[in-house]
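What follows is a pair of complexes built around chain A, which joins chain B in one and chain C in the other.
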Partner chain A sequence: MSKVAWYRIAVVGGIVALLEVLCLAGFIDKITMPAPHIIVRDLFRMVVSGRMNGAIAKTLSNTALALGLALGVGIIAGALLHRARALRDPLDPLFATYYAVPVFAFYPFFIVVFGLGDLPQVLIAFMLGVVAVIVNTLNGLDRVPTVLLKTARILRMSPADTALRMTLPFAGPYLLTGIKLAVAYAFIGVIGSEFIMSRGGIGYEISFAYANFDNATMYPLILLILIASVAVNGALTVWEQRLLARRGMR
Partner chain B sequence: MSGDAMRSARNGLILIVGLLLLWQLLYFWTGDIALASPLATLSYTVKLFATDAFDVQIYETLRAFSIAYALAVVIGLLVGFWLGFDRLSCDALEPMIVSAYAVPKLTLYPILLLAFGLGLSAKVAFGVIHGVIPIILFTLSAVHNTKPILIKTGRVLKLSRWQMVRWILFPAAIPEIFTGLRVGFALTLIGSLLAEMFASQRGLGYVLMNAIGLHNVELIMSVTLVIVVFAATVSVILLAIDHRLHRRA
Partner chain C sequence: MTAQVRLENVGKTFMTGRPPAPLHAVGPIDFEIRKGEFFAVVGPSGCGKSTLLELIAGLTPPTEGTIEFEGTRVTGEAPEGIGVVFQEDASLAWLDVEGNIAFGLRRSNLDADEKKRRVRDVLKLVGLSDFATSYPAQLSGGMRQRVCIARTLVMQPRLILLDEPFGALDQQTRLLMGDEILRLWRETSATVFLITHALDEATMLADRIGVMSARPGRIIDVVETNWPRERDSRIVERPEFGSITARLWHTLRAESMKTIGRG
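This part shows the complex of A and B:
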């Protein structure tokens, strides 16, 4: 194994071991945090018993819906804006400052308008993700070299062929960056808004467990979210690196 | 005013007018129960600012946010420069920091709350964990992207590590570091506001949650407007400085 991998294992192992010792020695009391091995055991029990399956399914399906919308709308909007200079110029300052505005601040307002169903959560997750997709789509399309497009024209490729064989393969890595961000934002949007105010889902269960001092539910769920988001993000990063490596960009 | 500035001012104006128009149309569509019109919201906001109670809440939010941002900047720069120098630590830790960025940090809030208790310190801690990550990432990439010739020159001049940071790396990396500070600003603000929304007895986030409970549409819209205008204004200013720094470099 490489030095880097050992380093990483040492850091994670060190933190877990430190928490374990602090918890067992009583420096961190049980009400604040159970020892790591107990959290893992509780998570295992929770998964086996299946009592959180409903909440997990709800969160995942809302995340998937928001992600699908963000990708579909974002890529199409990006492709259209790439052609419409007059529309893109006034929108540029919006894109540049978009992530400075706390989108969650709109959540209360969405609840008032759409009620306390799934829609406000999906909408928040969509709003968080879509701009990242648009910006990265535009970025990718901007970087397609003119020579590729000229070659396509010389070969008399149809617009669809040009898009599929020239533009898309070239802009692929940039699109993937957008997708990666959209996945993260969809997760953050759905779980975050469930957490603030909702009637179900993992975020809701965490805040409910928190309100009831139910550490045996809260910490395993938090661990579950940590594992899930790190795993998904890691898988997408590996894919991204592979695409970039093939292009000789890394 | 140069042509560039003119164009961006015009674009900004078009955008603001467009958004106001959209808001007014939405208002016509949904009506009074769900939305307040732009004009009503503005006049309500003006009235709010005149009350002492509201000024106290704004002060409370700004205080938590400023402490959090100062901490995020200091920690972010220190860790960023350290990882920028130490290749092995960087290779090992950078992917971990990147994936921490993707974690829905709101779910970690209960842990912070249990660790720090209800109050200012939990809010500050929550702002810091949001804002520190981009500052670290941008700083370390800025150090890595410094032209090797500058570093070699520093070595030829036998500069100490601190002198190297002070006279070579910092000036060379300033544009990129500033981008990190700009992104960090936005995220710290989001973090501290979220902390207030979820569990707090003071601040704008608390006012917002309270307004939902009371179904006070005008208050919800006014507070949202204040937050959005503040965040957008500061970030436009920071973005302008950012562009200027990058152009000079």
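This part shows the complex of A and C:
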């Protein structure tokens, strides 16, 4: 492992150790936050007991669904928009300002229209992520050199074949930037809306535990979310590094 | 020898600038490329050499005249049997060398073993056998250009168009690549059409050399070199080499002056 990686681990480890000391010494009282080793123990117990399995499955499946939709719709919309200049030009400024819109503001409206099921939460997470995917897909496709498009024509490739085998693979590293953002937004969208109003899920359970001073449930769930999002992001980063190294881009 | 490519009265006018105004890029052009010959085109910069290549390759349709490849009209779509190597790096960064070369065979009906054999043969031909699993980013510019040449050769085209493929390479590498192109030309019996701005390169490689005028580009002279088919870069030592190159420059000098505004 590189020196930087060790420093990174040392920083995170140091913060955890500091929290541990502060908790054990009583500077942070038990009602505010249990010591880190207690949180890990509680998480272990929670997983073994299986009492949160329903909530975890609901959140993860909704997140995966929203992510899949954001990627599928975003990449296809990006590829189509790239070919439709007349449609893209008026939309570009909207994409640029899109993230100024607090998407969560639509959540109550979605509940009114679709009911208090999974759909409003998936929709919020999808809306948060899809534009990041579209923007990064467009960015990647904009960088495809003309000579590759000429090569595709010389090889007599169809437009669909050109997109799948030539332009999208070229745009791969840029797409990955959009994918990473979409993963983060999918988690934020689903868990955030569960916080606001829901009938289950990790966000709902955290909020419920918070209202009941149930630290033995709240903190392990927060840790669980941290582990899940760091793991997914870490895996994507490793993949990204490999892609970039192969192309001599780093 | 029979004509493989025939251009009759071919012209191309682009709409360019703002507000759009017509720009007469090339034409009228009349000439033939004979089956199996090595034909080079030289011309001052901006005279429409690359446009001429794109017209023949079917990448852009002519605005006037007709282009025929093996008796069939070319109308803005690449005909089967033509391969192009461009000046810019067209290697596919996400595939290794083998993958790059096999890319051209993806849609062919050959069985897997035959495809593998062809890729292996072409790798050997361009001297990249030891780099089959390398990625383009790990190769030098000259090697990447050889990957593109190999990807074109593997499809066994009957006409190979080269658009200043050595433009980005240093002089020594260019001479050696010239040797390789001559060898490949002999071994594949394909017709080669080469665009270049280097007069010595054209003289060294070609059977016939077309000289283009300043824009709008026309063929104003066709020079026969009468080299033997068996030849390599050492041909530059022959006395005719100097006189042919001198004749090219004699025709081109006035045209080149025009392009820098001293016509």
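The rule is simple: the second predicted complex is superposed on the first by the 246 of 250 C-alpha atoms of A that agree within 3 Å, B and C clash if a C-alpha of one lies under 4 Å from a C-alpha of the other, contacts with A are read in each partner's own complex, and residues count from 1 in each chain.
As a working rule, a contact is a pair of C-beta atoms (placed from the backbone, for glycine too) under 8 Å apart; a residue touches a chain by one contact, two chains touch by 3 or more.
Since the structure is predicted, the reported quantities are computational estimates derived from the model, not experimental observations.
Thinking of the overlay built on chain A, is A:I76 touched by chain B (first), by chain C (second), by both, or by neither?
neither
Give one of first, second, both or neither to describe whether A:L94 is in contact with chain B, with chain C, with both, or with none.
In the superposed model, A:L94 contacts chain B only, not chain C.
Mind working out whether A:L116 is in touch with chain B, chain C, both or neither, as first, second, both or neither?
A:L116 sits against neither chain B nor chain C.
Touching A:R246 in the superposition: chain B (first), chain C (second), both, neither?
Touch partner of A:R246: chain C, not chain B.
Applying the document's definition of touch, where does A:I188 land relative to chain B and chain C: first, second, both, or neither?
After superposing on A, A:I188 lies in contact with chain B but is clear of chain C.
Find the residues of chain A that appear in the contact set with chain B and again in the contact set with chain C.
In chain A, no position sits in both the chain B and chain C interfaces.
Can you check the complex and tell me which residues of chain A touch chain B?
3-5, 7-8, 11-12, 31-33, 89-94, 96-97, 99-102, 104-106, 108-109, 111-113, 183-184, 187-188, 191-192, 195-197, 202-203, 206-207, 210, 218, 221-222, 225-226, 229-230, 232-234, 237
Give every residue of chain C touching chain A within the complex, in rising order.
54, 57-59, 77-78, 80, 82-84, 86, 88-90, 92-94, 103-104, 106-107, 135, 137-138
Which of the residues in chain B come into contact with chain A in the complex?
Those residues of chain B that touch chain A are 7-8, 11-12, 14-15, 18, 30, 33-35, 88-89, 91-93, 95-96, 98-99, 101-111, 113-115, 183, 185-186, 189-190, 193-194, 197-198, 208-209, 211-212, 215, 217, 220-221, 223-224, 227-228, 231-232, 234-236, 239.
Using the touch rule from the top, collect the residues of chain A that touch chain C in their complex.
145, 147-148, 150-151, 153-157, 165-166, 169-170, 172, 243, 246-249
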